[in-house]
Amino acid sequence: MHDKTSDTILETRQLTKSFKGFTAVNDVNLRVQRGSIHALIGPNGAGKTTCFNLLTKFLEPTQGQILFNGQDITREQPAQIARRGIIRSFQISAVFPHLSVLENVRVGLQRKLGTAYHFWKSERSLNQLNEQAHHLLTEVGLQDFARETTVNLPYGRKRALEIATTLAMEPELMLLDEPTQGMGHEDVDRVTQLIKKVAAGRTILMVEHNMGVVSNIAHTITVLQRGAVLAEGSYAEVSGNPAVMEAYMGTTDGQLQGAH
Amino acid sequence: MNKTSKNILYGLLLLVLLAVPFIGIYPVLVMKLLCFALFASAFNLLLGYTGLLSFGHAAFLGGSAYVTGHALKVWGVPTEVGLLLGTLAGAVLGWLVGSLAIRRQGIYFTMITLALAQMLFFFCLQMPFTGGEDGLQAVPRGQLLGFINLGNDLTMYYVTLLITAAAFLLIMRIVHSPFGQILKAIKENEPRAISLGYDTQRFKLMVFVLSAALSGLAGSLKTLAMGFATLTDVHWTMSGSVVLMTLVGGLGTLSGPLVGAAVVIALENKLGEFGHLVASTTGIEWFNGLGESVTMVIGFIFVVCVLAFRRGIMGEVIALVERWRGKQA
Amino acid sequence: MATPALEIRNLQAWYGESHVLHGVDMVVQPGEVVTLLGRNGAGRTSTLRAILGLTGSRKGSIQSNGQELIHLPTHRIARHGIGYCPEERGIFASLSCEENLLLPPALKGSGKGMSVDDIYEMFPNLAERRHSQGTRLSGGEQQMLAVARILRTGAHLLLLDEISEGLAPVIVQALARMIKTLKSKGYTIVMVEQNFRFAAPLADRFYVMEHGRMVEQFDASQLNEKMPVLHELLGV
Amino acid sequence: MSALLSQLLLGLVNGSFYAILSLGLAVIFGLLNVINFAHGALFMLGAVLTWMGMNYLELNYWVMIVLAPLAVGLVGIIIERLFLRWIYKLDHLYGLLLTLGLTLMLEGVLRSAYGVSGLPYSAPISGATNLGFMIMPNYRGFVVLASLVVCLLTWYVIEKTKLGAYLRAGTENPRLVEAFGINVPLMVTLTYGFGVALAGFAGVLAAPVMQISPLMGQNLIIIVFAVVVIGGMGSILGTILTGLGLGIVEGLTKVFYPEASSTVVFVIMAIVLLIRPAGLFGKEK
Amino acid sequence: QDKVRIGFTTDMSSLYSDVDGKNGAMAIQMAIDDFGGKVLGKPVELLTADHQNKADIAASKAREWFDTQGIDVMIGGTNSGTALATAKVAEEKKKLYIVNGAGSSALTNAACSPYTVHYAYDTVALAKGTGGAVVKQGGKDWFFLTADYAFGHALETDTGNVVKAAGGTVKGAVRAPLNTSDFSSFLLQAQNSGAKILGLANAGGDTIASIKAASEFGINKSMKLAGLLMFITDIHSLGLKDTQGMYLTDSWYWDKDDASRAFAKKFFAKAKSMPTSIHAANYSAATTYLKAVAAAKTTDSDKVMAQLKSMEISDFFGKGRIRPDGRYVHDMYLLEVKKPSESKSPWDYMKVAATLKGEEVFTTKAESKCALWK
């Protein structure tokens, strides 16, 4: 077994964010295990999205530290963090609508070539990436859509493409903010399965209100409330916790539990 | 349009351009046109392919025009050095304006470029080396590479054609390069490009500098061809013209700016004659005054383009060809 | 039978050149809660938007309480007592939470709207953040605000698009209670819901959409027998 | 010292023009999402109409100070109904280009009618007050006062009234505001009308101070753009203060380093962008 | 070539359009018509264009006309910037260029060319005329309000030299862009200099605007204004009340003699305003050119120029010769603006205070740097 530190891919220490006197994230100590799917849940306004924004440096923490693979990344820029392998997905679908599906993935792959600034090279030099791109598309089930212009894809497939592009970055840690929001049941299932699949060999930290999804794939769940950690553990542990029920799940009769 | 038919068209265009002096067209006018076609293409690199509307491109055209003019006239440097210095000046100015402007997005970006260019305008108005309102006049063309005498309009014409064609090829290459691919991505969805680890500000700055440098080349070439650099080149109306050229020709198409430049230059130079012609054929006296109403007509074209003709001439042509192909298929 | 609160006949709608509704028919009686089901992109949101004239262009007939609305501009339609809670919430950044709440003008001659105090009682989060800038609220808080906002005006026909989306289960339950209360007060409600379990116990009737058309329509009592169909259509 | 004070006062006069113009620009941009390039031309129209009213119809200035802004507002309403209406859905850039086109047309027409040189005009309030350090024409004092009053009124309406709340909301999501039962198209039309009427009003005020000419709005509008960038369009009060402040700074520059007076606003813009990219009063993002 | 073509570019729409403009073109056309419309048996044609005071437009128009229209001579309208630019093109193309509207003395001095004739007036003459008169009356402390381009600069330096030579001082100058809209802050700078005389080294619309602003700010009370180049049209739009008593120097005045009055009458009938000196010069220059062509029996530039420089010119505009440097030397006039009470009829605005001998007011051989006159 690894020792404890190398097993932790991401750690926050006393992470805090205040907005003009209102503390949205309060002294949060989070440890994400390498290779796990970690879910962040909690009532609305608990500070989940804010947490994500801090981790990717879209917001500046008021206090506290963020450690990635044991290194302090608290002071780094968003693009630097992305290059380290922490990639986040957005709540709205984030694709390049007028590029082809293949080109979308290639944009993700291209950075590694180191020719992104080479304005004198032919774009044919990018064809070497095609094989890898097809491979990624196959992984998310889009192999047959490679030549399609992205706008024409249905919603769920756009999400899949987004994930494929994200995978192209070879992320060590993926941050997903409500990945199934606004999806129909079929798509929810497809994306859930996809997340499970791509989680192999990677770490995923996700925010999700859909308890069905969370119970299905998350290894560890952290419940936030009013900016602070309320509970942490497996789904069984957390969902049985009375405090969590009261703050988040609501009635104990289970009628609406996992409402989606 | 597919590649071969496009190449055939470009080939034809080149043939026509090569033949210009022999078919009775005034080469000085065509030189001017070529310079502006290059200017518009450089501008389109920014607007059409990156989605950044700069309203300060006159600064690069004009700034470089002055630098080249001054270098040739006062320092007496060789012609090719003058052109190079002008292009360099365009790049440097582009870097200065660009690094300020890309701090803001959208319409603010546009206003900042406009304001900074206006600042350069006032600077040029006051600096003694620009000749103020009088401009730099009688800039010598000199000899290219020490043995090609540019004093002859014909020689100058072919040199201009050569340089603009080369620059145009470069622009084509930029658009279809790994770099161009990222630009497209930025235009489509900038936050996503950032999250994929691209420093989009640097890409934007770089394309801004490239566009400015090429605009600078256009300006230097223009000084050389016409023999002067004046405040007109740095005035904001010049920035407006280049937007119009690109818009009329077709945003984001490679050939659009060429067509657009031709239309606008022809309009500015020949509207009066055209007015007289219409007046004499229709007998409506009003058209005789058309030449004085160039601004009005240009304004009108702007309005029409925005309201009804946003794809521009080449955009429409391409769409037409595509529809026609669709029917065939 | 009374005049329907909403009667839609052969409604067609376009976004620019793309034709999204191909002849929607739907009738809602006063006091009814009706749920629109369908896959992503089936056209449910577009139906609600078309009722208010928010799509590009539209054709057909939309009557509310016997009055034809199709030729009216959006703001006049709203004044017929239609309250709309959009899918994307539409909270205004330049207005505070409370200003957002007070923004929609109260309808003339209807005293049915909820008071601000009632609303704050129902959504304590909002009371707490009332002076915050609208878009600084969390996703869920914004959702609450979006619903709360139209309860104040006295609109009697509510068009709710995915209101349970992105809300914690506790809040979803609170919303369910709220819909029941509203129903008991005589509001007519058209809900678009992805969340079948949320909608199922509340609705009197269901419509199922596919490709811009209504393909199924049934009562709550028929729910069980229709499950297989729903399963096929929606994957529920 | 007296040079300083007198240039300061003159700067304040210019600042008042910046303030009214950038205010109108901000209001229009807010609701219509259009950078109204035509603002300069409509400013000019206000001045030219005043001249025309006084010369052809023999109306007096005080009639024109009411009539001309109304007329310009009306022109604005027509422009909005006829042209702008069709481009709201499009990228910002088209709004800018459309209004630029309108500007060129308007300037072109008046230019062929009047040429580009100044039309003769004299101040309606004659006399001057000897302030000790300078002789200040009374009319210029009136300009400062009048524009301040108008600016503050506008600020009050937008920030403190229900109407203002509609306006601010409409700025963000007009379709939704309309779905709440508010007649947004009318509001948009009137807002544009009002915004350009402000420009027209500035034009009337400017007529006796500047030379009336078809091109009088051209250079001004670009400075006003810079003012807007410096202030950041987020706040009405900020816009007003920035306008006045920059006028004064310009005045000061004329004393200390006259060569820079025409560029100082742009230099300040560059500095502000380096320190606060969103502008002095702008909100981040 | 079957026609003799004269080209004329001037400001037809901007601040100098009253001074020359369309009526300037009309004066040339009058001259052609009066000459019979033909020379050497070929019809004479006039081409005109508005250069909008922009040197680049003027230069490229001239180049295009020389290259494609077979223009034999250019007559230059207002604005020294455009004139210097056109003169360069004409020199390169070896074609005649006769300057009327522009004033910069550089045209026949530092920038002289074998193809340029400077016909009407120049800044040196203005400086010696008006500047000399004002200094003589005791106005020794000067401050200049200068139009920021070739003409303004030339006028400022030339007048400054005259003032200093007469024992006066120049306390400073402020340069305002061409076609400035608001002169107030420039005027305040002038006032703060403490000088007694404000030399307006500008023209046309700029002069009008600065005189008006000066009276608005009460500057005309503490300083005396000297309009260094003013035209009758300027007096006309300012009115006698604001201008009475001012001195100005000009090359011609419509009321100076019978021949002039006759021309003015004919001109007025067409233009509905009195001719300025530039209008008169345009007529005279065109006529002189046509005479020279007729005498040289060719339109060849060098031969016509030789003819021009060798012939005696004498008409209602003036009498004299064209010097080797291209300067047409004729008498100038120091004019004084009448009081409103003295003005008998419309456009009766000035009286001749002194006639200035051409040899004395124009650049002297000693002052000249022109290589053609050595």
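All chains are identified by letter, namely A, B, C, D and E, in their written order; residue positions are counted from 1 within each chain.
Methods note: contacts are C-beta pairs under 8 Å (C-beta built on N, C-alpha and C of every residue); 3 or more make two chains touch, one makes a residue touch a chain.
Treat the numbers as computed from the prediction; the structure is a model and nothing was measured.
Counting steps between touching chains, the shortest path from chain C to chain D takes 1.
Chains that touch both chain B and chain E are the following: D.
The interface carrying the most C-beta pairs in contact is the one between chains B-D.
Most remote chain with respect to chain B, judged by CA-atom centres, is C.
For the pair chain D and chain E, the distance between mean C-alpha positions equals 39 Å. Centre-to-centre separation between chain A and chain B, using Cα means, comes to 45 Å.
Look at where the CA atoms of chain B average out and do the same for chain C: the two points lie 52 Å apart. Averaging Cα coordinates per chain places chain B and chain D 31 Å apart. Contact with two or more other chains is made by residues 111-112 of chain D. Within chain E, the positions touching two or more other chains are listed as 12-13. Shown for chain C are the residues in touch with two or more other chains, of which there are none. Working note: touching chain pairs come out as A-B, A-C, B-D, B-E, C-D, D-E.
Across the complex, chain B is touched by residues 12-13, 50, 53-57, 59-60, 63-64, 67-68, 80-81, 84-85, 88-89, 92, 148-150, 177-178 of chain E.
Residues of chain D that touch chain E in their complex: 2-3, 6-7, 10, 111-112, 115-118, 120, 122-123, 128, 130, 134-135, 137, 209-211, 213, 216, 251, 254, 258, 261. On chain D, the positions that touch chain C within their shared complex are 165-166, 168-169, 171-173, 175-185.
Against chain D, in their complex, chain E makes its touches with residues 12-18, 52, 174, 179-182, 184-185, 188-189, 191-192, 204-205, 208-209, 212, 216-218, 237. Considering their complex, residues 29, 35, 83, 86-87, 90, 92-94, 96-98, 100-109, 111-112, 219, 222-223, 225-226, 228-229, 259, 262-263, 265-267, 269-270, 273-274, 277-278 of chain D touch chain B.
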